[in-house]
Amino acid sequence: MRVGIFGASGYVGGELLRLLLAHPKVEVSAATSNTYANEYVFRVHPNLKGRTTLKFIKSNPSKVADLCDVLFIATPHGVSSTFMPHLMEVGLRVIDVSADFRLKNPEDYVKWYGWHHKSPELLKKAVYGLPELHREEIRRAQLVAVPGCMATAGILALAPIVKSGKIDINRIILDFKVGSSGAGAKPSLSTHHSEHFGVIRPYKPVGHRHTAEIEQELSLLCGEKVKVSMSAHAVNVVRGILSTCHTFLKEPITPVEVWRIYREFYSNEPFIRFIRDVKGIYRYPDPKIVVGSNYCDIGFEIDDHTDRLVILSAIDNLMKGAAGTAVQDMNIMCGWDESEGLRYLALHPV
Amino acid sequence: MRVGIFGASGYVGGELLRLLLAHPKVEVSAATSNTYANEYVFRVHPNLKGRTTLKFIKSNPSKVADLCDVLFIATPHGVSSTFMPHLMEVGLRVIDVSADFRLKNPEDYVKWYGWHHKSPELLKKAVYGLPELHREEIRRAQLVAVPGCMATAGILALAPIVKSGKIDINRIILDFKVGSSGAGAKPSLSTHHSEHFGVIRPYKPVGHRHTAEIEQELSLLCGEKVKVSMSAHAVNVVRGILSTCHTFLKEPITPVEVWRIYREFYSNEPFIRFIRDVKGIYRYPDPKIVVGSNYCDIGFEIDDHTDRLVILSAIDNLMKGAAGTAVQDMNIMCGWDESEGLRYLALHPV
Amino acid sequence: MRVGIFGASGYVGGELLRLLLAHPKVEVSAATSNTYANEYVFRVHPNLKGRTTLKFIKSNPSKVADLCDVLFIATPHGVSSTFMPHLMEVGLRVIDVSADFRLKNPEDYVKWYGWHHKSPELLKKAVYGLPELHREEIRRAQLVAVPGCMATAGILALAPIVKSGKIDINRIILDFKVGSSGAGAKPSLSTHHSEHFGVIRPYKPVGHRHTAEIEQELSLLCGEKVKVSMSAHAVNVVRGILSTCHTFLKEPITPVEVWRIYREFYSNEPFIRFIRDVKGIYRYPDPKIVVGSNYCDIGFEIDDHTDRLVILSAIDNLMKGAAGTAVQDMNIMCGWDESEGLRYLALHPV
Amino acid sequence: MRVGIFGASGYVGGELLRLLLAHPKVEVSAATSNTYANEYVFRVHPNLKGRTTLKFIKSNPSKVADLCDVLFIATPHGVSSTFMPHLMEVGLRVIDVSADFRLKNPEDYVKWYGWHHKSPELLKKAVYGLPELHREEIRRAQLVAVPGCMATAGILALAPIVKSGKIDINRIILDFKVGSSGAGAKPSLSTHHSEHFGVIRPYKPVGHRHTAEIEQELSLLCGEKVKVSMSAHAVNVVRGILSTCHTFLKEPITPVEVWRIYREFYSNEPFIRFIRDVKGIYRYPDPKIVVGSNYCDIGFEIDDHTDRLVILSAIDNLMKGAAGTAVQDMNIMCGWDESEGLRYLALHPV
């Protein structure tokens, strides 16, 4: 099967190339970049050197549509909604890693992104591409919107307990710690090594856009309007997101019950691991242990002192938080083994 | 004036040595360490090489008491309470950086530390050494208990708003991100470079001991029992603590009002800086900007979406979080300029 | 085919487990560790969680020999030479990642390692397991000694030019920069995160043991006694080795000639990449671009000012520098595709 | 005394501000920046917040000359030589941290910098501002050229042994490892955190401009033309330079003799420390131990195997490698205690 990547020079584009070039069922037939058109992809993604002699081509949606059966889109937010109707018309299957089709309510784009959606009629058609919540819809979808990186970590951490009805859905705090690759490949003063090395920098204490996705999906799960309080911090790593979810229990719960709720919700999920040990140094999720893999590691602790349930999740923002889930979505859409091309484990130590 | 450091081979001990050797009003007359007795202090604290030819002596409380007028104690928790009565009797002024005299209620030592206090009668005599809250008592104290590092960051962030009565004191979440030096100088697998480099590791999601101090001090401020939900994470730096305090407003508030509450509370404080900018890359507190200094940087943001007030504070855990405050306490006790020996600024970039 | 790992709880052992568990042609039938016997391997190597329920068994050479067809040994230096004769007698094929069978001259063990070799008669039988130099011998070997990590980087950088006769073989300087994982999994003060983070620490400016291997192999290549000057430095990463080889040209040479020498020497090598670009930011080898892969990246620059040829090589010390080459050796010994189980690319960025 | 900083928004400018604002003998009367004119200096150098309300002014040489008695220049290379004649005429004392007046031979600017010097007549007048070599000339100088950061580390490491005549002056290899702050404050792809974190990147294996300074000063010392082979690598820290100097002995030498040569050469130097210990973890110079201080730490090791003498030196590139030496030069020029304003020690750990 021929797959294309629209916007392949960024970090998510590079990660898609890395995964798809090694995927046994597909052939990468197009990788676009206006900036680097006609350059070898390995000049931008040096890890690919020796594996491919592919070159970037210009980012022309119509032309690219002719070159592939499935198209991955990894453009900045606000781009794909301008030409998506055309791609839909020509019958292409599209997996969009940008935010353009994640939200169902067009108003939310005005509120959280500050622009009016160009193709609001397609929002209903698009499927929110989190396999753990929407596997069946993904299977039949023509257009899949891959969740945001922090949204993925947050939703996967919270979905089971929100659905269970055990917590106060008006006092959910998500405190994220994220690596620098989430800021993208474009240099700026704030990501200059001398300025960013060693930071513990609150970069979005309030108002983060992923709030909208998280609330949309959690509300859907419990049938009530969920509101979450989200804060994001940059820390001194390149890859990885740790999500610390502070929730408050309606009534006391035992660890065994929490276990049961999570194990039932995620039974047979290929990319969910539960991390909770009473000895050793790997007692809770830590992005260090998932980098390069497609896992979402989940753990928790109960705080009797304040009736708090702390749920922790760790992902690689470019894998389970973007390209990994995108490929998982493709595998589902094509009826392949969901883990195809995604079996790589993290390195340890690294 | 002669000052001694009891337990001078750890990281806080080394930081006290660095500060006191450069302090114009004191002379370091004793630095104890059983492990390194008779070794030059610069063999353990290599940054001091060229500045001092001091050697460690054995940790004998009585002998050390003879050698100094003020004694700093930087031993592990549970040690100083065994010999403190003797030091009090001989009239020594003591600044204890360990946890042994921070809590007023002896029961709290059983609950949070797991041991019965050896000198409970001294708990009332001891002053909680946070200058911003207890300056007058510190001035007259014989025994000062320097606050815990995270407690310092958390209390300074929350004190003004808790006192103002504007927030729900039952839903205060403190999410800490801390550097590895807080774990002390003793090697272990969890702090082995290969295992600790690049972590975003939840190491105490619930049940952290500093909870007790924070609640004690905040309750005192507002006259009601405050309960806080605290979680601590290790990140990939050596020094620094960022405290993200998620609080919920009883009713809407403007940024100007929050400013007013904080500026009034901390007017003329030499080591409190307010960090809040709408442009540039230094908009919020970040430990990177305070490392090596005695500052506590404080900032905030209001989240209209969930009536949340996020307060952020950043300190150097070994400075304002330990040795810096200890020296500030000494300056107050001795009637000196409170900033004496503490005027050093952070490096930038570093 | 059944493979065992003797000494599987260290970092090289963990890397072998990661590679072999995913290798399509083998089954891991034994992983030994005296310290962790009866524990799940994922408790020590947390990245393996979800992939295996293997447990460590005791390190008994005879028993392990019964359990497998090929045995990987990843014990500390000086261990395997005590029981290797037994393994050879029972016909096991052994790939030893320790230093015990790398050197041909028993005297060299006295000189560089400080002990007398327990099985000197086997030194001739053993093959130095660097595929790029000894592929044919490896194919037929019963005992393969995997090169040291720095030796691998140094030899691969220098072999072509030393063989060419173009440089002064008495003035070869190898300046290594290495990650902390090379120091192993055992905590110590020097690798404590607070002490090791941010270092640029010369840890072996002279007298490094890998000198012996490098000289042995380079001398073999050019038929003369080569002497090298080696220095090793620890830097602030976990994985990776950069080798900067300063050599001096007998007479001027052009870049094209150097290219020719290297391309001819390494034609068709699956894990050698040449990195030399005149634009962009990936102009020379950098371990950052190979971590997790089995590549050795090689580049060079000519310094007309002092008739110097600088050759640069970058490897992942746990992959091409240890476990990766070990698996490559196994593939050769078994007649499989040499890249089997080793096709993974580095992550970028990471 | 009034001091000005011309080009105060870069990292060296910021470091000069930090030092001079705390210097007891001077008052900062001007800090220029065209980009940030009229902005508070603490917006660019956030560590200065709370210490100063100084604002940047436009970079007009004539105006600035009126505002100060001593002027520090921290502009990019090639700028100060265009207006230096004017500053000399009006009698200003100038300390130039840029490269414009370091080299004595105008031809060297063509060869190493690629431009013709605008004020070649001033090159003789300028003093190379390394106090350890030119203290007396600095005392009487009107124009001091502060050495390059790597040049400082290299020259200080090599000066005593080169002068002693014990080594081969045609085979001196300087292998530098440097932090990212040396690349300056301007963001670029190569210093983007995601691209620069974790590098061990050879960025100038041959042809580095500091070669010219090092050769000029070492030749002066030994009366013969010295040629050095220099390579520079970027590593994963912000501040610090380690210089590994590989030299070859004409005849065997003992450690005691090397000690004697170095101690005699640097007797009474306030900022040279010798680091060489046989136990502990601080056996050799490491930038980690000097960051923030003005020290140059020097150590060595003899390699009998190849008659090599390895000399190691470590500095903070923004301190002893730039602003620290500049202030030391000012202290000498003004007849003050040479350590004034420079007594700060490094932090440990950090």
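Just so it is clear, A, B, C and D label the chains in written order, and each chain counts residues from 1 on its own.
FYI, a contact is a pair of C-beta atoms (placed from the backbone, for glycine too) under 8 Å apart; a residue touches a chain by one contact, two chains touch by 3 or more.
For clarity, every value in this text was computed on a predicted model and none was experimentally measured.
**Student:** Please name the chain that ends up farthest from subunit C once chain centres are defined by their CA atoms averaged.
**Tutor:** B
**Student:** For the interfaces C-D and A-C, which has the higher count of C-beta pairs in contact?
**Tutor:** The greater number of contacts lies at C-D.
**Student:** Compute the distance, rounded to whole Å, between the mean C-alpha positions of subunit C and subunit D.
**Tutor:** 38
**Student:** Mind checking the centre-to-centre distance between subunit A and subunit C? Centres are C-alpha means, answer in whole Å.
**Tutor:** The separation of the two C-alpha centroids amounts to 36 Å.
**Student:** Quick check on subunit C: which residues sit in contact with 2+ other chains?
**Tutor:** 11, 181, 189, 194, 197-198, 236-238, 291, 349-350
**Student:** Looking at the complex, which residues from subunit D come into contact with subunit B?
**Tutor:** Interface residues on the subunit D side: 11, 14-15, 18, 22, 43, 45-51, 181, 238-239, 273, 275, 277, 280, 282, 289, 291-293, 295, 318, 343-350.
**Student:** Taking the touch rule as given, give the residues of subunit B at its contact with subunit A in the complex, in rising order.
**Tutor:** Contacts found on subunit B: 170-171, 173, 175, 177, 189-190, 194-195, 197-203, 205-207, 211, 227-229, 231, 233, 235-237, 240-242, 244, 246, 248, 281, 284-288, 291, 299, 301-303, 305-306, 308, 310, 312, 314, 349-350.
**Student:** Given the complex with subunit C, which residues does subunit B contribute to the contact?
**Tutor:** 11, 179-181, 183, 185-189, 191-194, 196-198, 236-238
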